[in-house]
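Consider the two complexes below, in which chain A is the common component and chain B and chain C are the respective partners.
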Partner chain A sequence: MAKFNVLDHNLVPEHHIVSEEEEKEILKELNIDKEFLPKISPNDPAIKALEAVHGKIKEGTIIKIVRKSPTMGHSVYYRVVASEVFK
Partner chain B sequence: MASLLWRDTSKNIVAISEKVPVNYAVDFDVPAGIEDGYITINRKNFSYHVVISGVRSYSPDVEAIAKKKNGLKSIITIEKIEKIEPISVMEFQSNGKTLDTVAGFEIGERQLTEIKEKYGESLSEDVQAVINDTKALGFSLPESVAEEIARHRSEWGEKAYKNILKRIGEEIDNELIDPYEAVGIIAAQSIGEPGTQMTMRTFHFAGVREMNVTLGLPRLIEIVDARRIPSTPSMTIYLKPEYETNDEVVMDVVKRLENTSISDVADIITDIGELTVTVKPDPRKTKDRLIEMEDIMNAINRIKGITVMEDSNQIIIKPQQESFKKLYLLQEQIKGLTIKGINGIKRAIARVEGKEHRWVIYTQGSNLKDVLEVDEVDPTRTYTNDIVEIANVLGIEAARNAILNEALRTLQEQGLNVDVRHLMLVADMMTFSGTVRAVGRTGISGRKSSVLARAAFEITTKHLLRAGIMGEVDKLAGVAENIIVGQPITLGTGAVDIIYKGYPKTKK
Partner chain C sequence: MMGISKRISSIKFALLSPDEIRKLSQVKVITADTYDDDGYPIEHGLMDLHMGVIEPGLRCATCGGKVDECPGHFGHIELAMPVVHVGFVKEIKMFLDATCRSCGRIKLTDDEIRSYLPEIQKMDFETGDPEDIEILTKKYVDLASQRMVCPHCGAQQSKIILDKPTTFREEGTNVKITPKEIRERLERIPDDDLIFFGFNPKTARPEWMVLTVLPVPPINVRPSITLETGERSEDDLTHKLVDIIRISQRLRESRDNGSPQLIIEDLWDLLQFHVTTYFDNQTPGIPPARHRSGRALKTLVQRLKGKEGRFRSNLSGKRVNFSSRTVISPEPYLSVNEVGVPERAARELTVPVTVNQFNIDEMRELIKRGRNPRDQFGRYVTGVNYVIRPDGRRIKITDQNAAENAERIDIGWTVERQLMEGDIVLFNRQPSLHRMSMMGHTVRILPGQTFRFNLAVCTPYNADFDGDEMNLHVIQKEEARAEARIIMKVQEQIMSPRFGGPIIGGIHDHVTALFLLTHNNPRYTHEEMVHIMAYLEPDLLPDAKIENGVKYYYGRDIFSTILPKGLNVRFRSKLCSGSSEKCEFEDDPADTYVEIVDGKLIHGTIDEAAVSPFSGAIIDKIFRKFGSQEAARFIDRMTRLAVGFITYRGFSTGISDYDIPESAVARIEELVVQAEERINKLIETFKRGELQPAPGRSVEDTLEMEILSEAGVVRDESGKIASSYLGLKVPSVIMARSGARATMLNISEVAGIVGQQSVRGGRLNRGYYNRTLPHFKRGDIGADARGFVRSSYMTGLNPTEYFFHSIGGREGLVDTAVRTSRSGYMQRRLINAFEDLKVDDSREVKDTVGSLIQIRYGEDGIDPTRSARGKAVDMNYILFDEGRR
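And now, the complex of A and B:
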C-alpha cells in the first residue's frame, strides 16, 4: 500500500496553495494584513502532503481551505504558513 | 513511468558526475525504455536523479564505469546527474509493492500523491444548479437544504422556486449577526448555560466489560482544555469495504491490533537466590487473549544475552552474566515486552453495525498513526477521540473538525441542542495559531495582547509585574481593559466612530 495521504481523510478538508496574484486579491477583499490570518505550521501533515505534489512551500504562503460547513455548504478559510505562534 | 532504482557509493557518484555523459555497467538486466533513475546512498532516501539516454547489453569493449567487476549484464548511458531533495524510498512501488529499502537494482514507479478536488464533486447536477442560483442571489445554503429544494423544484414550478429562493435570501439577511456584536460572549453563554444541565454520568457499552468512554461535562472540559491525552482515549476503526463483512478478517485484525504484553497474560517471578526470572502464563488469561505458549517464547527469544529453559507450564530465564543489576534490568524488560499488537491499543472490540452486517472496531487506547498503516484498515474513515493526536497525524484543520464534532456529539448525547456556530467559533479560536490551544489561562485567554485583560482574568500580579519589567504597552482595544479604565467598550455602537462631514457649501 502506498503511503496514506492525509488529505484523503474524511476529517481533512481541501487544502490549496494560493498563487501570488490571488493572494493580493484575497488580502484586499478581506482588508487585512497577512500576519493577522490564522496560522498553519510548516510541519503540519497537510502541508507536508501538499509539498509532496508542489514542492517546498515557503513560509508566508497563503493556504486556501475549502471546508464542508454544516451551515452553508462549503466555506472558504485562509491560513498562512508560519512557524511562529501568535502572541 | 518506471525508473531504475539502485544504491551506490558516494565514490561512484562523484565519478559519474565528473564524466557525464558516461557509460555505466550494471549487473542487472535493465529493460529498454528506461529513461531515468534514482540513486540512494543510505538505502532509505534517494538523493540523486539521473537521466538515462540509452540502454544496451554489456560487452567488455565499451568503456564504462562499473559498479561490480563480475556478472555485468547491461550498460546504461547516463546523460545527466543531479542532486535532489531526498525522496523516501517508500514513495516508490515495485511490482505493486511499496519498497522498504533499496540495496541492489530495482525497477520501480513513483507513486505521486494526487490531491483530489472534492469540492462539489459529490453533488448531483440539479443540487449544484440550486447552489449556483443561491450564489447569484448572494448567499449560500447547506447542502442538505439545497438537496431538499432541488427535490421539490419541479412540483413548485419555476416561478415559485425563484420566489422561495428570494425569500430564503431575505430571511438569511434578517438573521445575520450585527456588525460588532460580541459573538464570543454569546457563544460562551450558549455553551455554558446548557452545560449546567449536563450530568456527570459515564456511559458503559452494554455487555462489554472494561469499555467506557468519558462523556458529559468531564468530556466537554477535556475537549476545551486540549488535554494531551484524554482520560479515555478510544478509536473507531473502519475496515476497507472489501473486508467489512468478512468475519474472519475482522477477527484477525482485532487480534493484531490488541497490544498484549507479557505481564498481561503471565505472572513474572524474580528469584534473587537463583538469579532467575520465571514467567508463568495464566491459562485463563492466555485463552482470553488467544495467546499460545509459542507466541510468548517468540517474544522472549528476541531478548539477547539470556538462557531460556522451557518447562511444562513456565519459562525460566537466566541472564548470561550473573549480576543483580542485569537481573533487575531483565525483569523490567520482560514486564514491558510486547507479544503482539499495536502500542497503546489496550483492547479492541468488534461490533456489527447497521443492516448490512458491517463490522466496526472500537478500541480502548489510541494510536492513530500506526493503526492507519494496517493494510485492512480504511484510513479515510478511521477516527480517534484524541484531538491532539489528530492534530499531529492529520493536521490542524482535521483537529478543528474533530473539536467541532466531539463537542457537538458530547452535547447532543446529553440531549442539549447548541447551535453549531458557537462550537465552530470555539474550534476556530482553539486552532487559530496552528496548534491546538486550550481555552483558559494557559491558552487563548492567557495570550491576549492586552496586559490589563490578562491581569483581570487570572494571576493578576504575575502579569502586572511582568508588564512593568518588560515595558508593555496596552492599546486599550479590547473589552476588559476599557472597562477597567472606565471607557466605553469597543463593541456594538461603541466600536464605530461617527464623523460629521457637514453639507458642502452651496453657492447663493
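And now, the complex of A and C:
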C-alpha cells in the first residue's frame, strides 16, 4: 500500500514552510518574538510529510498553517518547529 | 508589560537528619505532661513555652512574641529506641534488598558499577526528570536484589520479607530485624553507592529513615481548646505525642534496669505503633488509634489527605466573608436586575464606607441609629455594625455606644454599614458552570427568610424552587462595584456567549399566558383590560377599538404596549413550526408569522419562539436594537403582564385534559392489534427463515429493526388520533404547543399509548435466561414479551409493562448520571487550561507569559455573544427592519 500523505487528508489544514524574508515580515506584523509563537513538534506527521518533499526542516523554522473557517473562509496560523517543549 | 515578578525555579525534597531535627528544635521534650495545676505550661513538657504561645497574655520563650506574633517553633523528642518511619517503608525495603547484610555495599559487581556509573552520573538529581532517574535506579536495584551472594565480601544473603506495615524479617526465619539493626545496616551503606538508589548523600542518608529523634510540631499547629466548662481539650497530635513520650520513657527505664527482652520488645512494638499512627492513623494492617469516645484520631496524614484535607479543603477551597446563603423562592414583582434579601441577612452583611468631608454627616446619622433601626412603620432601615479607626482598630457599634461613636468618627475612618436598597451584590448558584451562574443584582430588602428573584433568571442559574439554595456576596470595593454594575448585572448577561441568543426570558406560565393573550387575538372589555394590566405602569394603555359603541381592547394590542417603539421583527411562531406535518394555522399567515412593526404586534401568536430563553426573538432583537436596559425593561414588563393576565384569566390542567371519546380509544386499540399482527407475521417469516435481511445487516438485526419501526409507527399513529381530539382548548395542549412545558409526544403517551420501551436503542432482551421476565415463555420474541407497552398512562400499565417502563426509564437516569460527571470533569480540565488566557485589545489571545495562542480570538475575532446565533449577521431581520423605516 502506498504511504498516505497526511497533508492530502481533508481534515488536515495546509502547512507551508515560511522563508526567512517572510519570517521577518510575519514577526514584525505580529509584533512578537519567535519564542512566543505556538510550537509544532519536529516529529509532527505534517512536518514529516513536508520533509519528505523539501528535505530536513530546521528547528526554529516557522510553519504557516492555513485552516478552513466557516466564518472567515480561511484563517492563517503560525507555528515554530521546536522540540524542547515536547518530551 | 510582560513577565511575572516571582517564579519558583525549583523545589527540593530531602530527609531530615537527627542532627538537623535537634538543630531545628528549641526545646527537648521529656515529660508527657502539658500544664501544671495552675494551668501554666510545664517546662520541657508538650506545651513548653519555647514552642510558641496560644494563650493571650503569655509570651513565647523563644522569640518573645505574643499570641499573633510568634510563628511557633519546633521541639524534639529523643526516642528511647529507633523506630521505622512508615512513610519510608518501601525505600527501606529497597535498601535492605539491594545491599549486603554484612558489608553494606550495593550488590553490584565492580564491573557493573564501573559501567553504570557514567550513565547515572550524567543525571542531574536536582533538575533532572525524576521519572528518568527512577527508570535507571530501578534497573540497578532489581539487578542487585537478585544477587544472593555479596560480590564484595562473599557473604550469603537472604531475602527480606516485609510484614506490613513496618516489620522486616529475613526469609526462613521468624526473627524480625529490629529497627536498630535496620538502622545499622543502612548506616553501613557507603555514600558512593547511594547514587545507584537515586539518593544524594548530601541531603539524604538512608538511616535517617529510621527515626531516633522525633520533631515536635509548634503549639500553633496543635492548639488546645478550652471548652465552655473550663475543661481543656488537647489536639489529637498532642494526644499522640503524649503516648509516644510515655512509651518511650517506659522503654528507656525497662532497657536501663535490664528487664526481660520480651517486655522490652513489647514496649518497642508499642512505640513503633504510636509513631506509625502519629504519622498515619489509617495505615493498613494496624488498628487506628482511638479516643476514649471511640473516635479515630486525626493525625498528620489525615490532616492533609482527601476532600476534607488541608489541600482540597483549605488551600484549593476558599471561604469568604460578607456572603450569605439561604433557600430561594420566586417573586414575580421584582425586576430581573433585583434580588430580594431577607432582613436577617441584610443586618449581618455590611458595606465599608470611607468617611470623607461629603458623607461624614450622613455617616454620623447612620451610626446614631445603632444596629437594629426601624422606621416609624417598623420597616427595615440601614444601621451600622462596626466603625474602623484609621489605625485599623474595629469598634463594635451597640445601641449604648452608638451616639458616642457617631460623634467620634472623623475623615479617614471606615464605617461598615448594613445593606441598603440599591446596593449591588453578586448572586450565585452552584454548580457555576458558565459566567451567568454569578450575576450582579441590586438589593431589595424583603420580609421573610429566603432570597427571591424574578422567574426569568431561573434559566441562567438553572434554579428551581424545590429547596435550592443560593449564595450572595456583598462587594467591598468601589472598583468591583463598578465592574459588577457595568458587566455583571443581569441585564448585561441577557445574551449568552454560548449561542448568541438570549438566555434570560419568560418560562412556563409566562409563555402560556402570552399565548392565550395573543392567539386568535381575544377581545376584552375596559374593566377586564384594567385587571390584566394592573401590575404594569399606569401610563401603559392599549389602543381601544370601539365596536357598537363599546370600547374593546384586543390581546395583541395589550401585548403591544410593552414593546418599544421602533421595533420591527418578523419570525415564525413556535405554534407553526412544531410538527413536520402541516399545522392547522399554516395557511393563515396571520398566525404562522409574528409580525411586529414599530412596536405594534400586527399579527401572530406570542409563544416560546418570541419570549423564551434560547429562542426568544423579541428579546434578542430588542437587546440588539435598543440595548440591555430596554431588554431588561421588556422582560420585567413581559413577566408582569403574563402573570397579571394568567391570574385574571385562570389556567389549570388535570387528568381530564386527556379524555378522548370511546370511538377514538377503539380506533387506537385496533391500530395496536393490527401492529401486533404485523409484528407476529414478521416473527413467523423470520422463524421460517424467509426474512430478507436489509443491506449490511443480519437477519436478526433486520427483524429487530422492522419490529422497532412498526412499534414506532403505532405510537405515532395513535398519538395522532388522540391529539386530533385534543385541540387548542385543552390546557395540556396549550402548554405543549406554546412551548411552555412538555411536548405533544408526552401527551400522546398519556392519551394514546406509551409504546415500545428500549435500552441502548434496541428492544428489551435481557433479564432472565432467554426472556425478559418470568411471565413469558423462554425464547418469546413477541411484542409484549420484549417491552412493548400498549397501555397509556391514562389507562395505566399492567405489571409486566410497568417493569418494562422502569427498565427503559432507568437508562435515562444512568445516562444523565454518567454524562454529568464526565462532562463536568471535561469542562473542569478545559477551564483549568484556559483560565489565564486573555484576549487583548488587538483581539490576540495570549497567556500570562505572553505566548501567542490565537492570532485572532476564535480565528475570526468574532465575539459569539454579539453574533446572530453564530452567524455574522441576520439578513432577514436587517432587511425587514430597514424596510420599515
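By definition in this document, the second predicted complex is superposed on the first by the 84 of 87 C-alpha atoms of A that agree within 3 Å, B and C clash if a C-alpha of one lies under 4 Å from a C-alpha of the other, contacts with A are read in each partner's own complex, and residues count from 1 in each chain.
Quick note on the criterion: contacts are C-beta pairs under 8 Å (C-beta built on N, C-alpha and C of every residue); 3 or more make two chains touch, one makes a residue touch a chain.
From a predicted model like this one, the values you see are computed outputs, not experimental measurements.
In the superposition on chain A, contact is made by A:30 with chain C only, not with chain B.
Within the superposed three-chain model, A:38 lies in touch with chain B and with chain C [touch as defined at top]. Of the two partner chains placed by the overlay, chain B and chain C both lie in contact with A:71.
In the overlay built on the shared chain, the residue A:49 is in contact with chain B alone; chain C does not reach it. Annotation: chain A residues 38, 67, 69, 71-72, 75, 87 touch chain B in one complex and chain C in the other.
Residues 85, 88, 90-91, 93, 98, 111-120, 131, 140-143, 146, 372-373, 375, 379-381, 383, 390, 392-398, 401-402, 420-421, 424, 428, 431-435, 447, 449 of chain B touch chain A in their complex. Residues of chain A touching chain C in their complex: 30, 32, 36-38, 67, 69, 71-72, 75-78, 87.
Every residue of chain C that touches chain A in the complex is listed here, in rising order: 129, 844, 846, 849-856, 859-860, 862, 872.
Here chain A touches chain B in the complex through residues 1-15, 38-41, 44-47, 49-50, 52-53, 56, 65-75, 79, 82, 85-87, going by the rule given at the top.
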